[in-house]
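For clarity, chains are labelled A, B, C, D and E in written order, and residue numbers in each chain start from 1.
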Amino acid sequence: MNPELILHLILWPPLAGFLINGVFGARMPKWLVSTIACFSPLLSFAASVAAYIQLAGQATTVKLYTWFVGEGSAIVDFSFLIDNLSIVMLFVVTGVGTLIHVYSIGYMSGDRGFHRFFAYLNLFVFFMLLLVLGSNLVVLFAGWEGVGLCSFLLIGFWYDNLEYNRAASKAFVMNRIGDLAFLVAIFLTIYTTGAVSFADLHDTMTNDVRINDPAYVAISLLFFIGVCGKSAQIPLFTWLPDAMAGPTPVSALIHAATMVTAGIYLIARMHFMYDLVPVTQLVIGITGCLTALVAATIALKQNDIKKILAYSTVSQLGFMAVALAAGAYITAIFHLVTHSFFKALLFLGAGSVIHGLHGEQDIRQMGGLRHKMRWTYGVMLVGTIAIAGLPPLSGFFSKDEILTAVHSHNMGFFIALALASAFTAWYMFRMFASVFHGAFRGKNETWEHVHEAPWSMRGPLVVLAVLSLAGGLLGLPAITGQSHRLYNFLVPAIVQPKISASHAFEYALWGISLAVILTLLVICFKRYGSSGPSVPSVTPSFFERLLVNKYFIDEIYERLFVHPLKIAGSWLMHRGDYGIIDRVVHFPGKVVESGAFALRNLQDGKLSSYLLYSVVALLIFLTLFLIF
Amino acid sequence: MNHIPEIIRTIPLSHYVALSSALFLIGLLGVLIRKNIIIVFMCIEIMLNAVNLLMVAAASYRGDSAGQVMVLFTMAVAAAEVSVGLAIIVMIYKNLKTTNIDLFDQMKG
Amino acid sequence: MYLAALLIAIPLASALLSFFAGKRIAPYLSLASGVVSLFYFLLLMGSYDVVKNYLSYNTSLAWIPEMRIFFHVGFDAAAVLPLLLTQLIVTLSTLATFVSGNDRNAAYYGLIGLTHAGLNGFFMAQNPVTFYLFFEATLIPVYFLVLQYGGPERRKAVFKFFLYTVFGGLLMLAAIVFLQFHMREHLSLAAWDDFYKNKLDLKYQYWLFAAFFIAFAIKTPLFPFHTWQADLYAQADRPSLMIIAAVMSKMGVFGLIRFDFFFVEAIYRWQYFLIPLCLIGVVYGALVAWRQNDMIRLLAYSSFSHLGLIAAGILTMANLGIQGGLFAMLAHGLAAAGLFFVADVLIRRTGTTQLDGMSGIARLQPRLSAYFFVIVLSAVGLPLTCGFVGEFYLLWCLAEYKPYLAVFGGLTLILGAAYLLRFYQKTMFGQTPVHITFRGLSLSEDYVLIVIGLLVIVLGFFPIHWVGLGQYAFRFMNHLPAN
Amino acid sequence: MMTAFIFLCLFAIAAMFLGFTNIRGAIVPLAFAGTSIALYSVISGQPFWNHYLTGMVETGGTAKILCALVLLNALALIPFYAWYERRGQEEVGDFTGLFLFASMGAMLMVSSTHYMSLFLGVEILSIAMYVLAGADRRKSKSNEAALKYFITGSFTSAILLFGIGMIYALTGSLEIAGAVEVEGQSLLQLAYLFVFTGFALKIAVVPFHFWAPDVYEGTPTLFTAAMASLVKLASIGAFLRIIQLNVDLLPAWLNAYYAMLILATLILGNALAIKQQSVKRLLAYSGIVQAGFILMGFISLRPGEEWPVLFYFIAYVLASVVCFVVVHFVESREGTDALDAFRGLGQRNPILAGTITLALISLAGGPFTSGFVAKLYVLNQAVANGYAALAVVAVVCTLMSVYYYYKVINAIYSKSADQALPIEPVYSGLLILFTLITLAAGILPSFFTGLLK
Amino acid sequence: MDKIFYILAALTLIAAFMVVISRHPIRSVLFLVATFFLISAQYILLNAQFLALVNIIVYAGAIMVLFLFVIMFLNLSRDLERFASWMPIAAAGISVGGIGLLLLASYRGAQISTDTVGNYDSGLVEQIGEVLYRDYLFPMEVCSVLFLVAMIGIVLLNRKERELPAKLPLP
């Protein structure tokens, strides 16, 4: 198979699935819809495997046609790059994507928007593929915006609910803020380097190494703002928790596994530039740490199962950002991959819980579900300990690698991340214990109807659980004596030194983290295992209030940006147009009118006045022409 | 025949010009200040006569008959105007019962 | 060679026939003329070789030979996209009147035809006087269209529009008269190409450019000359509003393109002031649109906002700006026509223009909501729609000019998404009222929306040939003095 | 040329005599035929009996064209006087006759080479128009119009005559083409100024316009049409001829004089028109403004370059005839010429509405109408001679005119419940014909200017 | 001779001025007649006897009789006219005076050349007649048209109204 065919096979099936389901889905039976929907990413997955086998690590660019041409050499091709980085991403996107598609068959089976949902999901996969395959910034940007669009559509999937709609447009608009920065960054890139494709950029920037060049700093910062929007970093992260309004598979696919990691992917893609700008790296690091900490602390006090997971996602994205800041791009990708496994698993598991409880999401209304949902309980356990970072699950290795990398890079970051991972363990165990242990705290009739998910849902869960369990094998640290497979695979695409630390440090880290996590496990199960999360006290402490209210960030944004803009809009609408501009413009008209009015008084109908005026005019003319 | 009238030898033409101008201006003044439409009209006649005088003088001083013929026509015109004008005045008097020039102000603005 | 003039003659003939045709025949006549001109245009374009023969099919007549004034129309690269837009939108607008209960009389279609002819002439005008002639000529039928078929408050709105536009037109006329007569020894005014080669004293440039700019700023409209727009749009008959919003609003920016190479120095001097002015309009329009409850007004302000960006791009005098401006004109034209048509569809069915008055229409009419969404996407400039390409170029050239201006202008990305999604969600999403019966889309409505939707996507994927035209349009740009 | 005068007089007298008989239906066709014959003899340059003119009338060149225009104008208007016949008014013979005499006077004015015949022409035209202004004897407005017109007219004659007399006194010649350099002789300059003022009063340009709106408003509308077209045509034509014949002798300040008149006319005339409620009055002001535009063609007039002014005549006369005729029909139905009377005309009679609309657009200088081209011509004259600022002001002042034309059009196309306003097809046909000519002159001006040259 | 001119001139101006300022219409008419006579006297001085006669016949004889007739007919002889208020009078006075001053200023610099020597008897009847029917035949004819127009006009304006058919109401 030639690369072009492979590319076509990867790229177009999801789009075809979207078109078929979107146009004809309403008139097709559900089984056909779901088959088409699931097979299209599966086909892409298969083609990705083919690409993995066929291309064997060679970076291949496939140009379809020239999209448009800018000035000079800036030619924007509609072209795609298949290298090892994109293959990793392809696997994640199509692999996890397929699983989630399958899961959705069961999850969405009762929904009237069944075909619509799958159409959107397929479209999302298409845009995500565009994003990861794009060989230049503009195609990447197309995918970037496209996934945002699908995110909008899927968050607001149940569009009867105005709250959901609000969340959807909030997500889109916030993403748009980042996208604007992204766009400007593209322009600046073209302006400074004249190139737009990654290959050219790579050549330009590696040939002419300029550390902390102001242009590069600006560009990299702007890209990072874009990343903040998409990957939910401070300050643009507030949309992600709200995005949980969408159906749970969406949260799993878009807002955990794939789309939100696009930012991480972008920076990894552009790693050659970020290597040149330590200033930006510092900014990314600080932002990442803050994000990891803030989100983790907020998650401590949340009671909505999906919100907890959402904040956890934000927090984990912070981890990845810090890894990027430390120059450990492959580590970030590693965490991205493992995170996509266990976070998808957690979300889908949560979905299973919600499904079983008929839409209940509040963990205070749960408890003791392990008796009725054994499968779910099992996979959730895997997911929870994977994210908490117990060895030898995937999360442990990737997080450990991040900590190792950061430790050698910046001690402050290290402490922050260590704290954040402790928090992670805490809130995850709190959630897990509240949901599955103790006694059921909801209504009795709900308890009656609690049931395990169908096999179409359970299957993907199991697969993901296996992946979460074994995902760590991709990147075993040096002390295990195994080779870091992901590193070896990605090194052609991402030039980066191997992460290594002294064995002593590694062992210490392992030991301490194991001890901390186990301690937390015990505390959490004791504390929440029986009674669930505590009822908020009547006089919550300042910190408690802060955490419950998510640091009031939404409110601050509302006050600081949205509200003033709204006022400005209203003011302009009511005063600006009619009050100011019209008045100014009409002023000369008024003058003419009043002048005309005055003049009309001259025209008083009296013949004697008329004659007099004429004579006066004659006199004036005579005088003028005698003088001049 | 062709003897030069004494006046032409003694008085410069500019005096006639001045005289007729003065006459013209008196007529003009009358037109402007009088309210009775008939008097106004009469003042216009004074203006016309002033011009006539001017032209006759100029014609005489040059021995050119064009001016005199012109005056003849002017008189004819004046006569025609007067007749039409008085007809109009009579007509309007029938309707409005006034000859005050300032009272004809139905149309203005 | 009267080939280009034929493009004016077809709609003109149809218009004149329409005036005398009956009420039943006129719509079909008008539609036929639209379709015929569209195909005729495509025919011309198919055989138009921009590289070899930049100005083709031109008709030059000595109109007023005493003053060396020529009536000169022709087909050049700059005209292609606006012409395409004109033929498309006029046809679609005619199609949009094919609804039950259409009580427009024959004169309506006659006026549409006149507008069509005027617009074709305007875009093909090859010298300033012809340009002005059509600039004003299109105003008259549009004025009557709104006056005769508009909403209840149309009188005031049309008055404002008319006076503003005529004022601008008069300023332009004054400038052209000055150029044509005062400078005639120095200038060649027969065709754009000769025209651009002229050198004009800076002191004249200032004044003349100011006159032209105000004319175009009013026509477009740009901040702060925009207050007529929303009022007019809110009152105009909506199918004709498609033409007004989609094509007529391009006349101003197109004028800027036509004339800015003549006032190079003046624009370079004033760029610092003018581009921010346009961009203020971008944000202003977006903010007001965001707070609007009346959907026509919302779209009007959205149009105002987008056109500000186009004008800003053109004023950068960069190749990118011109290309982007031309393409964005097409893109915005399609999107605006589509949006106004959707608004028309909604208003005809619900009887209200208020956003608060509707909700949940997607449930009743999923097809409509899909078309609508595609058009919205183009309007917010999502990649792979044609709106993106235009905005990309425009922001690009702004970024090359002054990056912070690109950020400022790029606020349209954010605010545009905010207000258009709000519009979309308020109408399409939300609870579906139980008692509402929402008539399904008729065949003609389907056609209009499909054509616009498809074009939006196709042009988004394959813009290159269309965008590229902009380069040829101003191939002499390389000889411009340095900034 | 002489034959034209004779035919006009003969047919006028014939029309008047027919007025006493019962075959009044023949009057208008007869008058039309007479005017056509006169027009033919003017255009064909018929030298027959021309020796009787004793050199006081020019038979070729601009004079010929102007005479032809006067007669064409008469041809355009005469058919509408049949309206009086239809209405059973027995004065139709007198009206038509007077109108023919007035046309004769106008011809005389525009073709004179001698102040004597010029003055007689002015008076024939004026006296006929005084009478026509008062033709509606029972309406006090018509009376008032006649009176105002008459007093102003005779006052004007006096001023004009004073100027002529002064010129005669100073130069010794009554030939218009005087052979004396005016520059440097202040008294002679003043004399010319008096003459010009006389014409300015006749033409009605600001600040000598005061009589015009009142008179136009009061006069029966069909005669207002004559006043607006014929009188303006004749006065401006005569003025043009005076300038033309003296062009080398007149001092340089003349351009500044025009410029001031034009400026005053355009600004004040337009401003005054803005607030008018009576359409006739509004059109009167519009006529004032148009006269201002025409004067622009006088700036630095060179012999052989009169055609812009002549072309403007065509545009103006066509448009104003159409306007006043339409106003006449509306007024005769509604009893008033207020703007409100025009409400809904677009539905009540689309032809009247369409023609007056196009005429107004032409007056406003809308594209593809003769008014546009005409304005372009005269603006050219101004700009090419260094009066660019004046042209700019003129163009911008047009905004005001657009405003008030707009008001009329707006009223015409507003909805109304009134019943239809039918008019006879002949009139519709004529109005359409004029409109078509207006458009033709806007689209193919070179054909018309070719004729005018 | 010159004294006669000056006396006549002064009298003419006084008479004309009296026309303007007499509040009684009849008195104005009479002063106007006086003015005409004085002007006729000037004509005689200027050797324009024919015009002098015509002036008396046409103006003093015909026109003034018409005026008198109308004044009597309209019964205006009794009411004294109120002049305009001081403002218009002042304005009129100033403007007329201004024009006078301007003319006066111009006379000073004016050289009126009268050196063309023609026929100084041109004012006599036979001369006028000859010229009139030879050189000015055309205006003469036109003048007749003028009278015709005036005549018709007067008849038209003051003819008795006849009622129009009822079905066609006056506008």
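The rule we apply is simple: contacts are C-beta pairs under 8 Å (C-beta built on N, C-alpha and C of every residue); 3 or more make two chains touch, one makes a residue touch a chain.
Since the model is a prediction, treat every value here as computed from it, not as a measurement.
Counted as hops between touching chains, the shortest connection from chain B to chain C is 2. Counting steps between touching chains, the shortest path from chain A to chain B takes 1. Using mean Cα coordinates as chain centres, the one most removed from chain D is A.
The most distant chain from chain E, with centres taken as the mean of CA atoms, is A. Should one ask which of D-E and A-E has more C-beta pairs in contact, the pair is D-E.
Compare each chain's C-alpha centroid with the centroid of every protein C-alpha atom shown, and the nearest one belongs to C. We define each chain's centre as the mean of its Cα atoms; on that basis chain A and chain D are separated by 78 Å. Inter-chain spacing, taken between the CA centroids of chain B and chain D, is 27 Å.
Taking each chain's centre as the mean of its C-alpha atoms, chain B lies 3 Å from chain E.
If each chain is reduced to the centroid of its CA atoms, chain A and chain C end up 37 Å from each other. Along chain B, residues 13, 17, 27-28, 31-33, 35, 40-41, 52, 57, 59, 62, 64, 66, 69, 73, 77, 80-81, 84, 88-89, 91, 101-102, 104, 106-109 each make contact with two or more other chains. Annotation for chain D: residues 116, 120, 123, 127, 130-131, 134, 137-138, 146-148, 151, 155, 159, 169, 172, 186, 189-190, 213-214, 275 touch two or more other chains.
Counting only pairs that meet the touch rule, the chains in contact are A-B, A-C, A-D, A-E, B-D, B-E, C-D, D-E. Chain A makes touch with chain D in their complex at residues 592-593, 595-597, 599-600, 602-603, 605, 607, 609-611, 613-614, 616-618, 621-622, 624-626, 628. Considering their complex, residues 84, 88, 91-92, 95-96, 98-99, 102, 105-106 of chain E touch chain A. Here chain D touches chain B in the complex through residues 115-116, 119-120, 123, 127, 130-131, 134, 137-138, 140-141, 143-148, 150-151, 154-155, 157-159, 161-162, 164-166, 168-169, 172-174, 213-214, 217-218, 275-276, 281, going by the rule given at the top.
Those residues of chain B that touch chain E in the complex are listed here as 1-8, 10-15, 17-19, 21-23, 25-30, 32-36, 38-39, 41-43, 45-46, 49, 52-53, 56-57, 59-66, 68-69, 71-73, 75-84, 86-91, 93, 99-100, 102.
If you check the complex, the residues on chain B that touch chain A are 28, 31-33, 35, 40, 101-102, 104-109.
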